[in-house]
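Next up, some structures in structure tokens.
Next come two complexes built around subunit A: one with subunit B, the other with subunit C.
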Partner chain A sequence: MTWPIIVAVAAVLLAPLVGGLLRGLDRKITARLQGRIGPPVVQPFYDFGKLVGKSRVVSSKASMAWAWSYFLLTLTAFTLFFMGQDLLVVFLILAFAGGSLAFGALSARSPYARFGANRELLQILACEPILLLAAVAVYFQTGKFTVCSILEANQPLLPYLPLVFVAVLIVLGIKMRKSPFDIAASEHAHQELVRGVYTEYSGRFLALMELTHWYKIVLLLAFIALFWAQPLWVGVLIALGAYFLELWLDNIAARLRWSWMLGVSWSLGVGFVVVNLVLLSVVV
Partner chain B sequence: MGFLARARVKSPWILHYCTGGCNGCDIEILACLTPLYDVERFGILNIGNPKHADILMITGPVNWRSRHVLRNLYEQTPDPKVVIAIGVCAATGGVFHNCYNVLGGVDKVVPVDVYVRGCAARPEAIIDGVVMALQKLEAKKSGGVSYAAGAR
Partner chain C sequence: MSGEQLITLLIFLPAVVALGGLVLKGAAAQRVVFVPAMVALMVAAAALALQVLPREALTFTPPVGWENVVAVLKYALIAYFLYVGITARNGLVLGLAGFLAVLLPVVQFGVLGGHVAVEPVFYADVLAVIMCLVISVVGGLIVVYATDYMPAHEAHFKLAEPVRTRQPQFFFWFVLFLGAMNGLVLANSLPWLFFFWEVTTLCCYQLIRHDLTDEARGNALRALWMNLIGSVAMVVGIGLAYNSAGTLSIQDLISGGSAPLVLLPLALFCLTGFTKAAQVPFQSWLLGAMVAPTPVSALLHSSTMVKAGVYLVLRLAPGYADTSLSLLVALFGAFVFMVTSLLAIGQSISKRVLAYSTIASLGLIVCCAGINTELALAAGIALIIFHAVSKGMLFMAVGVVEQQIGSRDIEDMDGLVARMPLLTVAAVIGMLSMLFLPFGVAFAKWAAIGAAGALAGGYIAVVAFLAIGSAAALVFWSKWLGRMLGEVPVVADEKKPVSAYGSVLLLVVGAVGLSIFVAPLVAALIQPALSTMGYSQAFDVSGWHLRTAIGVFPPWALFLAVTAAVLLPALFARGYRGDLDPVYLCGVNVNGGSVQFTGMAGKPVLVTAGGAYWKQWFGESRLTPASNWIAVLLLVALFAGVVLR
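Up next is the complex of A and B:
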């Protein structure tokens, strides 16, 4: 029982570093794709430090409480994942964390935040079925819902769950707030509804949002890495590949309407997972 | 310089607002973001939300309507912040200086830290202005800058 705890603690400590660097690489690569030089790779850490040093402006106390709940719930999901626990629990907690973000935005009387919150809820609606069904697919393959069971399995998941993998890539795009799915709030230079769900947060609360976002990205990438866990480094490479695929998509795609996002994730995303599950039960 | 102080200088986010000029200066501000000048390499982002901004870039001579908006934006921006008045009309009213509807300069409404001259201000001058503003931002945090009692 001690090993999972050590792994989880190490992951919690290292994730901000990895997440920040990934975001820095993201900005650098995006800039290069646009023919610019781009900020230094450590820029997200500067942004984080700057935000921590700003004065406190609180638009509504409730939304600050929700901000903490967003952070703590994400952290809980993250820790459970790295302790090798149940994927269903991890995804449900993650969904509630997303809900907290939306409720926080709804607690401040700001029209922009309100729109952002509604769209954030729609994003959760788009992602959750895919993630939960992906956990079911993992169960089909390994007989358990846990992360441990994937690590202990003797063959990788990807050859058996290729369509589930594609569906999870759609979720990654939505959770990373990248085009074409950046509808609740967008990352860095893009603007949507001022700043969508983040509009009412400033200073250290925005820094907290950013930190949470880093944890979430690392968590999702770790889940993607699990698709090739024998050996794990192949999975890590696949996850990085998926990350850069999203960056590329972000730069060539326009933003979709929310109805399109739901359409894509429910028809293609859920469809892919279900077809994969059917094939798995028929063929294997 | 500590990490926080360094971070402040390395990550200025800009809010830009036109108080009623001809839009010439606004186009020059946006030109700074293009691949030719690419101010993002200094960590500068053009942000649409005053609550996330560090630097207010104001253009235009300020008229009786836009002064409320300007005041509002200024108050919504968390400290430490700096204000840059861009173009001659933001400094004195410029070509609009004796219009009946014009107050004549951003400093009639909010305290200004840096004036960038030009009609329109060149992108190079704007970037220079931001560099100057960053020094002031640093000085402000360490208590080196204070406004005169009459400053509005």
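Up next is the complex of A and C:
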């Protein structure tokens, strides 16, 4: 019982470091792909510190409350995951966190924030079925829904769940808010969305959003790493590969419509998982 | 009191109170009679629970004379339906009631050969007791709520004949409903079940048409004919069941092993359940039922009527375990869950959203019965309880909102928290309890997805439907929930009628409390219900965690985390005394406010931000026809699978 707690505490402490560095790499690589030099890799930490030091500007009390709920619920899901708990529970709590982000944006009377909030909900509509079905796929291979069971299994998941893996990559793209799926909050404010779901957050609240985002990305990459947990370092490499694949896609793709996103994630995403499960139950 | 007396009391007390209520005029007199009567009903249900829990089940067979009374009343009911069909010139009601009037004697005298003694007539096991508790507690609170709602409703809504109040009739059907429901869930004899079934149909018909507008009359007739389809299926099923199994006892029927000959009547009974539970393609009667006063919707959606439908499907589940019927029931339920959740996204009328959400939850319960493992059945029973509490509460809350702001449109509920803080917070908790872990409804979803995932084969489609449906549910609830919390510059103006608010708040406490103590609830009621139904135990509840063979759900730990995550920030934000800044309007806010921005030629433009409904994807005109046809095909497949095997 003590080991999972130690792992979880270590993960909670280290995740901001990893998440921030990954974001830094993201900005560096994106800059290089665009022919710029780009900021230093630790720039996200400088930005974070700067944001925390700014004075508080809020347009709605409820937005403030939901911002913290978003952070704390994401942290709850994160902790449960690294304690090796039930994947369905983790994903359902993560959905609660996503809902909180949308509630916070809906609470402000800002057209941009509400626009973003509704799109954020559509993103959840696109992601959630794939994640839940991916948990079912894990059950098909390991006989349990828990993270522990994946680590205790004696063979990696990926050779048996290749299509599920592809579907989870779609989710990663949506959760990373990368093109072509960056419909709820754009990277740059000078667009029709402004910052979408983040529009009404600034200063320390924006810092909180950024921190939560880091936790979420690390959580998803950790889930992807579990596709090759024997040994785990292969999985970590695969997760990093997936991360850079998304960056590359981001730089060659434009933002597309929400209906396109929903179509892709339901037809390809859900479809792939279902086909994979059917193949698994027919062949094995 | 003995178990027999309690069973009698649970059925007769509402009937007697209903008759007595016919002479009551005015809210005060109604309250004096109904509140103690409802408390007595709740106590009786609890007492029955205490008697049943230590043993397997209680049985009770009333004296033979009652058989004749019930038989006569059955024909009287059908005669009344015929009369309705004739006076309303409704061909469907007339045709179905007429068919029933011919069919019933044919089955009774042709197939059954007159009177068939069923032993026992009433069978109170733990499942029935859970239903009684739900009916009496949630239903009772709705009756208390109605004593506040109805006078205001009548004052506000100019009735067709405003000279005479119709409240006595309203409360007569309303309270009688509870007695009929109690009888329905306790009945083991199929003819008695049929009788109580028809009484609930009658009560429902009368309550929907209560306002006597053309729309109310029309929708009541639709509810009647759709439910009569179920009645016909049930009578045919009774005949076939007796023909093939030689018994009219539900317990004998479902414990006799699933011989193929018994499966057809079971499938017919499931169809009967689907009509009552307003499953697609029969959803339109429940959607139309919202023309009735809100307490009726609260009652129909939470503890009575539709719950009778899913109760029957769930009750029969052991009878069709491990058959193709079970898979098709699961597929059908999961499909209904998915498609009605998607339909709810496109709705802006709050009651319509609630109605679709009810149909979806019932679909999920049907699906659980079809998955038919101990985990799924536990999820189904838990869902009956949690859904009744949350949905009853939400309907009552929306009713209060409608009376106070004069609209049931979600667009008009923007920033409701500023106008009606107490009720809005209650409603938000109610909504959270419908959709997120660690609350009970989401716990049931977790269990259902786990249970369906644990079965391969055709259940892969079931789990895919469930996954999409549960994501869709998240969207339609969240959109609505977020709208109510908006920052709006208005002053709080909330009237707080005691009975109405008391009922709503008690159910909120119930929804949260039951969710926190879900492990003891599972251990004390749901697992015993499973074992009397012949299933093994679904959960290991040691340490108040809910551990299954395949996963784990830690309710109280999650509650601690989620309370800290949601409540603490809310309290801090409430105490925030700093200034609120204007929202971002491209820097052209008029006078530095959030209300207007400077538009073309320097003119101020009002900021508006409506809700999103994405009708081109989720509208009724887009989804309903196709989903009706698919549901019909699934039903055809369901019967084809049973007949052809």
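Things worth noting here:
Operating definition for what follows: the second predicted complex is superposed on the first by the 279 of 284 C-alpha atoms of A that agree within 3 Å, B and C clash if a C-alpha of one lies under 4 Å from a C-alpha of the other, contacts with A are read in each partner's own complex, and residues count from 1 in each chain.
Simple rule for what comes next: contacts are C-beta pairs under 8 Å (C-beta built on N, C-alpha and C of every residue); 3 or more make two chains touch, one makes a residue touch a chain.
No experiment lies behind these values; they were computed from the predicted model shown.
Once chain A of one complex is fitted onto chain A of the other, the partner contacts of A:Val58 are limited to subunit C, with no touch recorded for subunit B. Applying the stated contact rule after C-alpha superposition, one finds that A:Gln34 touches subunit B and leaves subunit C untouched. Using the contact criterion defined above for the overlaid structures, shared-chain residue A:Phe48 touches subunit B, although it does not reach subunit C.
Contacts of A:Leu121 after superposition: subunit C is touched, whereas subunit B is not reached. When the two complexes are overlaid on their common chain A, residue A:Pro111 makes contact with subunit C while staying clear of subunit B.
Residue by residue along subunit A, subunit B and subunit C are tallied for touches, and C comes out ahead.
Once chain A of one complex is fitted onto chain A of the other, the partner contacts of A:Glu200 extend to both subunit B and subunit C.
In the superposition on chain A, A:Pro156 makes contact with neither subunit B nor subunit C. On subunit A, the patch touched by subunit B and the patch touched by subunit C overlap at residues 56-57, 59, 194, 199-200.
Contacts from subunit A toward subunit B in the complex involve residues 27, 31, 34-40, 43, 45-50, 52-57, 59, 188-189, 191, 194-195, 198-203, 206. The part of subunit B that touches subunit A in the complex is made up of residues 3-8, 10-11, 33, 35, 38, 40-43, 45-49, 51-52, 54, 76, 78-80, 141. Listing the residues of subunit C that touch subunit A in their complex gives 415, 417, 435-437, 442, 445-446, 449-450, 453-454, 456-457, 460-461, 463-464, 466-468, 470-472, 474-475, 478-479, 481-483, 485-488, 550-554, 558, 561-562, 564-566, 568-570, 572-574, 576, 578, 580-585, 594, 607-609, 611-612, 614, 617. Per the touch definition, subunit A reaches subunit C in the complex via residues 56-69, 72-73, 75-76, 79, 85-86, 88-89, 92-93, 95-96, 99-100, 102-103, 105-115, 117-118, 121-122, 124-125, 127-130, 132-133, 135-136, 139-140, 143-146, 194, 199-200, 259, 262, 266, 270, 273-274, 277-278, 281.
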